[in-house]
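Note that subunit A is present in both complexes that follow, paired respectively with subunit B and with subunit C.
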Partner chain A sequence: MIAATTPKVDWFALAPVLALLAASGLALLGAVLVPRRRAHGVGGVFAALGFAVAFVLSALLYVDSGEARNVVAEAIARDRFAALAQLIVCGAGLLAVGISWSERPRVEEHAGEYYALLAAAGAGMAFLVAANNLMVLFLALEWFSISLYVLSAIRADRVESLEAGLKYLIVGGFGSAALLFGSALVYGSTGELMFGRIAEATRAQGLESDPLLLAGLAMVITGLGFKASAAPFHMWTPDVYDGAPTPVTAFMSAATKTVALVLAMRVLVAAFPQLDEFWTLAIAAIACISLAWGNLAALVQRNVKRMLAYSSISHAGFMLIAIAANNELGGRALLYYLIPYSAMSLGAFAVLAARERELGRAVALDDLGGLGWERPLLGLSLWVFMLGFAGLPLTGGFWGKFLVFSAAVERGWTWLVIVGVVATAVSLYYYLSVVRALYMRSDLEVRLMPAGGSPPREGLLQAAVAACLAVTVGSFFAVQPLTDLAEAAAKQLPF
Partner chain B sequence: MTTAAWICLLSPLAGAVAITLLGTRIPRREAGYLATLSVAVSAVAAAVAFFAALGRGGEEREAETTAWTWLTAGELDFGLTLLVDPLSILMMLIVAGVGSLIVGYSIGYMDGDDEERRFFVYMALFVFSMLLLVLAGNFLILLAGWGLVGLCSYLLIGFHHERPSAIAAAKKAFVMNAVGDAAMALALFLLIYESGTLDYLRSFERVGELGSTTATLVALGLLGGAVAKSAQIPLHTWLPDAMEGPTPVSALIHAATMVTAGVYLIVRTHPIFEASVGIQELAAGLGAITLLVAGLIALVQTDIKRVIAYSTMSQIGYMFLGAGIGAYANGMFHLMTHAFFKALLFLGAGIVIHALVGEQDIRKMGGLRGLMPKTFVAMLIGAGALAALPPLSGFFSKDSILASALAREDGFGYVLYAVGLAGALLTAMYTFRMIFVVFLGEPSAFVREHHHAHQGKEGPFSMTAPVAVLAVLAVIGGWIQIAGTGWHPLADFLDPVVAVEREHLALVEPTVTQDYVTAALSVALSLAGIALAWLIYGARRREAPRQPFLQRVLERKFYCDEAYDFAFYRPAAATARGWTRWIEGPLIGGSIAGLAGGTRELGRGLSEAQTGFLRTYALAIASGLAVLALVFVSVRL
Partner chain C sequence: MRGPDVTWYLAVAGTLFATGALGVLLRRSPLIVLLSIEIMLNGANLALIAFARAHGQEDGQIFALAVMAVAASEVVVGLGLIVAMARRRLDLDVDKLTALRG
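Then we have the complex of A and B:
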């Protein structure tokens, strides 16, 4: 008989994950035990509570993690870098519950499962950002990915939703396989799974030019690039974002991107510091391709959801610049960028969700005509989100781009800044075309097609949009406090 | 003290936001009450800050408070910092105090107007912006406040957006102010670059280290901003046109507060001006020219609000004169009394305009004294204060500026003194010309036909009460400082801020004799002006002198508008048309269109790669991975 010793577990470090798991379990129980018409309320409340509690716990964890250390047999990193990412994920989750609440008539059938999966996905993401070895990384990645596959397909009555789920599952399998295979190669080459030890082994054994390790690195980059929807691994993104229920898209666009990029930075910086000349250039190249592809393809989209999907690809490109910079300023830039970006992304999809419900069909650019006058809060918010995506001042998007470009300049890669600026210029075209549709259409052009009666008052959705608006604008004014938070977090990575 | 300052600053903003968000959920009238309440809270908070400051010793009356640091870039800290000191407290009291009276007055004045809510939002926003301007603790916040008051001014001048003339006036004000703003922003950039800090206190400490050229350029830029905002020559032409705005706007923004911001700026940044004496004297000179020119033009204006507007320019000229010769406390004193009596005049004129269904031409008015006796008394008090008759407030403040000019005892001082005295004569003439024409004599045909009383009274309570309060203030406001008697609490209060630090620049205190001579001379001239006006317009014993050429020049306001049109607008427009035709169209337009088309084509091509088939997606991932791996490995091999 093998004597198995369990490692000492730092429960506090896992608390946000556990809170979300508990919420997920309770929501699922609710789905079974509570009569169906109440299931929606129960599930929603549990999920919201879970995200709220996890948010508070992450905040406490952030405060308490002045010194970074590895816990639970060194599998989990307990540091501010993870805690800040968890804060973003939990905030996004909470807002996603608010946005989903009005989907009541549509997901009635699976309401309990819906919220359980949302909380479970959140738990997996919170787990992922704290991962400190390749095993935990893969486990957490699959954990939240599988939740998202099902969430994408949860509108089983809609063929687009099913298609999105299936495509995501199959292509996602491809991405996961690349990541797993890469992990195996890295392990095969260095004999280590822990990020820090991989770096040590690489240095100690002089593996800098080991083809096995290099191939492994390429595969890990591919797998993470897939999750972050960076080109050319991004092609699932428009289809899945378009087909999935819009609240799910909102959550995915904010949270998945956050955790994939945060983790990519952690892995590359902590595990492959010796190979930095490889991966920084590779990431920079991927960033350029994402910027070019995302922005160019977004130009010709008429469907707003698809347009935003391409815009999210281009934003992945911006944030990859921060990773490619490979310095502390880059870490700060990435963490700061994610805050307004998540808010803008959630908010924009939330507005689309409201409009979709009103019209009863996918929202094309022309369908936004007059929204700014009809629904002032939503219109104004969408306007601000678009300006924020474009990086104009009075929104956090401005400082996000500013910090990212500063990081690239500090690294000495001015050319990357030039690519970013040109991409921004191109992106103005499609962001402003949304604004034009919102406000600058003459009455004759506006063809309103309400799906019947005036839309219901969606208090929670509007509150969520207002919160996103507050974060988007607030992060512009509170840039110093937020970058201080991000700086304290980025300092704990071994740049 | 600092808490009160924050409440004072944020209350009007909260009011503006609340009215915006509540929208049609509250009746229009309540929007007015809400705006008034928010500004009144400000006024109370300003008073609290004032008394808190009085309770402290001289040095402790200065406090900096930072809400949070917006951005730290290298050695620069950009914080949301307020500076609460005697100067800003005085401005807070004026802005919030007079502001609450005028916003309250607007409830009655704007009653029944379209879009009242929008009006009150703008008014509350303006009070917030103005408070931000005067409370700013660093140049960045100052610039933000400076820009915001300009914006509010633009919005309120163009409030009646259905009138093309209002839109044109709003644009003119905005453009002229933009010239000043640009000059000021450039000056600030230079100052930040040279001194490495944005904070007032820190940068003033480093003024001595600046080269003389730098100091001159910075001071010149700041003066440019001040001149534009305060409608001094040569950037003065927007103010008369700004009278297109509703009368309470003219009273609040274009008389009592915003237009005096230039004076505040000079006083606030006096260490910089003192570092380049030439520019400071230029400020005094511009003030002197403006007070004379504006006084002359006011003589022939026929629009009641324009008469008062030109008198505002002229009075601000006095303030510039005072600030330019280092008599900061006297300049601020005149700023305060002017806020009282000028707001009073505007609001009184507003009551008249209101009673005459919007008519502003004084030639159609006449004999209103019998119909509106209380308004007549109020206007008489305002006019007396403006013409600097004792014991009304304007007498004390204006004469102290003139006495300071005399006390310089050099050629420049004597010139300024003479101009100031001439201005006193003109002021009395145009002011009482307006009073006599509007109120004396028999009611004109127009008045008989159109005058309507408000429920048997001269106006609703919300309009008459502020006028009454302002009338009292216009009488007693000057008593807090009497030249030549040693009673000068205001100067003592401001002393920690405005004390001149350099010995050789220290202001020479006027002697008692100089004070009395000035007072006697200016009162005599004012009385002479009133007598002239009486002869011509009151008793109508003399015909107004006929000088067709002079009259045309004055009516055309010295052809400033035409000159600017010729010198700036036409060349710029011609150049722009030329460039559009010869460069923009063929060269840039074509290439941009090509570029845009090409970009869209690229985008179309890329989105065609999005086939929707999983095999394509997998292929993309696989080939991406293959390229990465191959490059990695081959580079190393």
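Then we have the complex of A and C:
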């Protein structure tokens, strides 16, 4: 008998992922064992518990990871950078469960699967941000992507939902394949899969201008661009955001963006420090295209969900500036920005989900008329989220943009700041047109939407929106403690 | 016995990947598009295995095995979606999927 030598597994580092996986499994079991009319409640409670437990575990992991180190045969990075991103993902997941709860009559048939997939996607995301190896990166990326493909199409009774699922799958699969081929080229050039060792091999063997490595890096950036929905790899975003059930869109827009950008920063900084002249320029170019395209396309949208999809593309552009800066301030800016951005994005889509249910159709800008007066909490929140997206003070969006721009200045790229400022100015137009639709219209202009009786009671949805509002405004006032957390996390990357 | 140089394997892998990419961009049946994505993944697999042999390691081969599992699950989801669309008698043509636009 030959004793197999297995790597030592640091279970604590994997705990958030395992908690979410357990929740996913329990929700799935619940779907089978519990009578159908209870399945929704059971699934929702398990998913919420999973996200809550994973949130606490990530917080403990953050506190405990003062020293960054690689665990489980160096495949997983156990550091604060990953833990902070996991906190954002788990928070987004918890709020997404709250937003989904009111979809009850619509997802009843697949309730157990819905929550199981939500928790599974969360687990994949928590795994991805800790990836320290190209294999783990690809597997985790596909893990949460496949869950999201199904979630987008979960309302199989709607053509739009199916179409969104198929489009996401095809474009997402294309992006993953590009990422995989890029990984293969990087492996071929350096002979290594671990991020840190790729950097070492590049330095030791002088591969700085190896065409194989450069082509591989370019394809890895392309693949990550697809996942982060950065232009010109964004074409799936408006359709998928529009067609997927709105609570799923809310979760995707916040969590997918978080993990894709956090991972992009980790892999570029840790694995390709010698090629930084190439990738900082590439990322800066993608950021500019995203800012331009996202903002200009958002200007002409009448459907609010599509408008927010383009707005999310432009926000990918802002956050890519932080990555392109390639300094510690950029890491701090990215991690901080993701906190209010996730809250605003989740909250805005949650308000849209509520309005959609009231009207029974997609929400156009005109359909927001009167929402500010009819449902004061939702109206006020949407107002604040829009101001936050635009980066006005009293919301965390302001400090997010401020930090991103300071990172670009520190790098010496003032031109990137100018592009960002112009993009912000353009974005004001469409963000404020939502506020105008909410409040500033004359009686003659407003066609009140008769929704049949008083609005439905959606306690959990309102609580989730209130929480998003609290985070959006709170992150403005708590900027110091939050940037301290982000700074401690960014310090652990080898800038 | 020594086989051909790793460059040849890389050339075949690149051709496979490009074939798949063209298929995704040009073909209109979602089934063929799914197939093309598989060809892209398998091109990458071939490159991984060839490089693993060239470097004399197992990492790339393990990676390729894992990719096969992933590719299978992706196809399962894709076929499931296509069956759901066929049941609703939707046209199986990606150019006619235009319920979402703007």
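By definition in this document, the second predicted complex is superposed on the first by the 488 of 495 C-alpha atoms of A that agree within 3 Å, B and C clash if a C-alpha of one lies under 4 Å from a C-alpha of the other, contacts with A are read in each partner's own complex, and residues count from 1 in each chain.
Operating definition for what follows: contacts are C-beta pairs under 8 Å (C-beta built on N, C-alpha and C of every residue); 3 or more make two chains touch, one makes a residue touch a chain.
Just so it is clear, the structure is predicted and the values come from calculations on it, not from any experiment.
**Q** Contact-wise, after the overlay, does A:E458 reach subunit B, subunit C, both or neither (first, second, both, neither)?
**A** In the superposed model, A:E458 contacts neither subunit B nor subunit C.
**Q** With the two structures laid over each other on chain A, which partner does A:F278 touch: subunit B (first), subunit C (second), both, or neither?
**A** Touch partner of A:F278: subunit B, not subunit C.
**Q** Could you tell me if A:I170 is touching subunit B, subunit C, both of them or neither one (first, second, both, neither)?
**A** Both partners.
**Q** For A:D367, is the partner it touches subunit B (first), subunit C (second), both, or none of the two (neither)?
**A** neither
**Q** After lining up the shared chain so the two structures overlap, which partner does A:S209 touch, if you call subunit B first and subunit C second: first, second, both or neither?
**A** first
**Q** For A:V479, using the defined touch cut-off, is the partner it touches subunit B, subunit C, both, or neither? Pick first, second, both or neither.
**A** So A:V479 only meets subunit B here.
**Q** Let me test your reading of the model: by the given contact rule, A:P238 touches which partner, first (subunit B), second (subunit C), both or neither?
**A** In the superposition, A:P238 contacts both subunit B and subunit C.
**Q** Per the contact definition in the header, classify A:V150: touching subunit B only (first), subunit C only (second), both, or neither.
**A** second
**Q** Thinking of the overlay built on chain A, is A:L193 touched by subunit B (first), by subunit C (second), by both, or by neither?
**A** After superposing on A, A:L193 lies in contact with subunit C but is clear of subunit B.
**Q** Can you list the residues of subunit A that meet both subunit B and subunit C?
**A** Dual-contact residues (subunit A): 167, 170, 174, 178, 238-239, 301.
**Q** For subunit B, which residues are in contact with subunit A within the complex?
**A** Its residues touching subunit A are 68-72, 80, 596, 599-600, 602-604, 606-607, 609-610, 612, 614, 616-618, 620-625, 628-629, 631-633, 635-637.
**Q** In the complex, go through subunit A and note every residue touching subunit B.
**A** 167, 170-171, 174-175, 178, 208-209, 211, 214-215, 217-219, 221-222, 225-226, 232-233, 235-236, 238-239, 278, 282, 293, 296-301, 426, 429, 477-481
**Q** Write out the stretch or stretches of subunit A touching subunit C in their complex.
**A** Contacts found on subunit A: 134-135, 138-139, 142, 146, 149-150, 153, 156, 159-160, 162-167, 169-170, 173-174, 176-178, 180-181, 183-185, 187-188, 191, 193, 238-239, 242-243, 301-303, 306.
**Q** Tell me, which parts of subunit C touch subunit A in their complex?
**A** Its residues touching subunit A are 6, 10, 13, 17, 20-21, 24, 30, 33-34, 37, 40-41, 43-45, 47-48, 50-52, 54-55, 57, 59-60, 62-63, 66-67, 70, 73-74, 77-78, 80-82, 84-85, 88, 90, 94, 97, 99-102.
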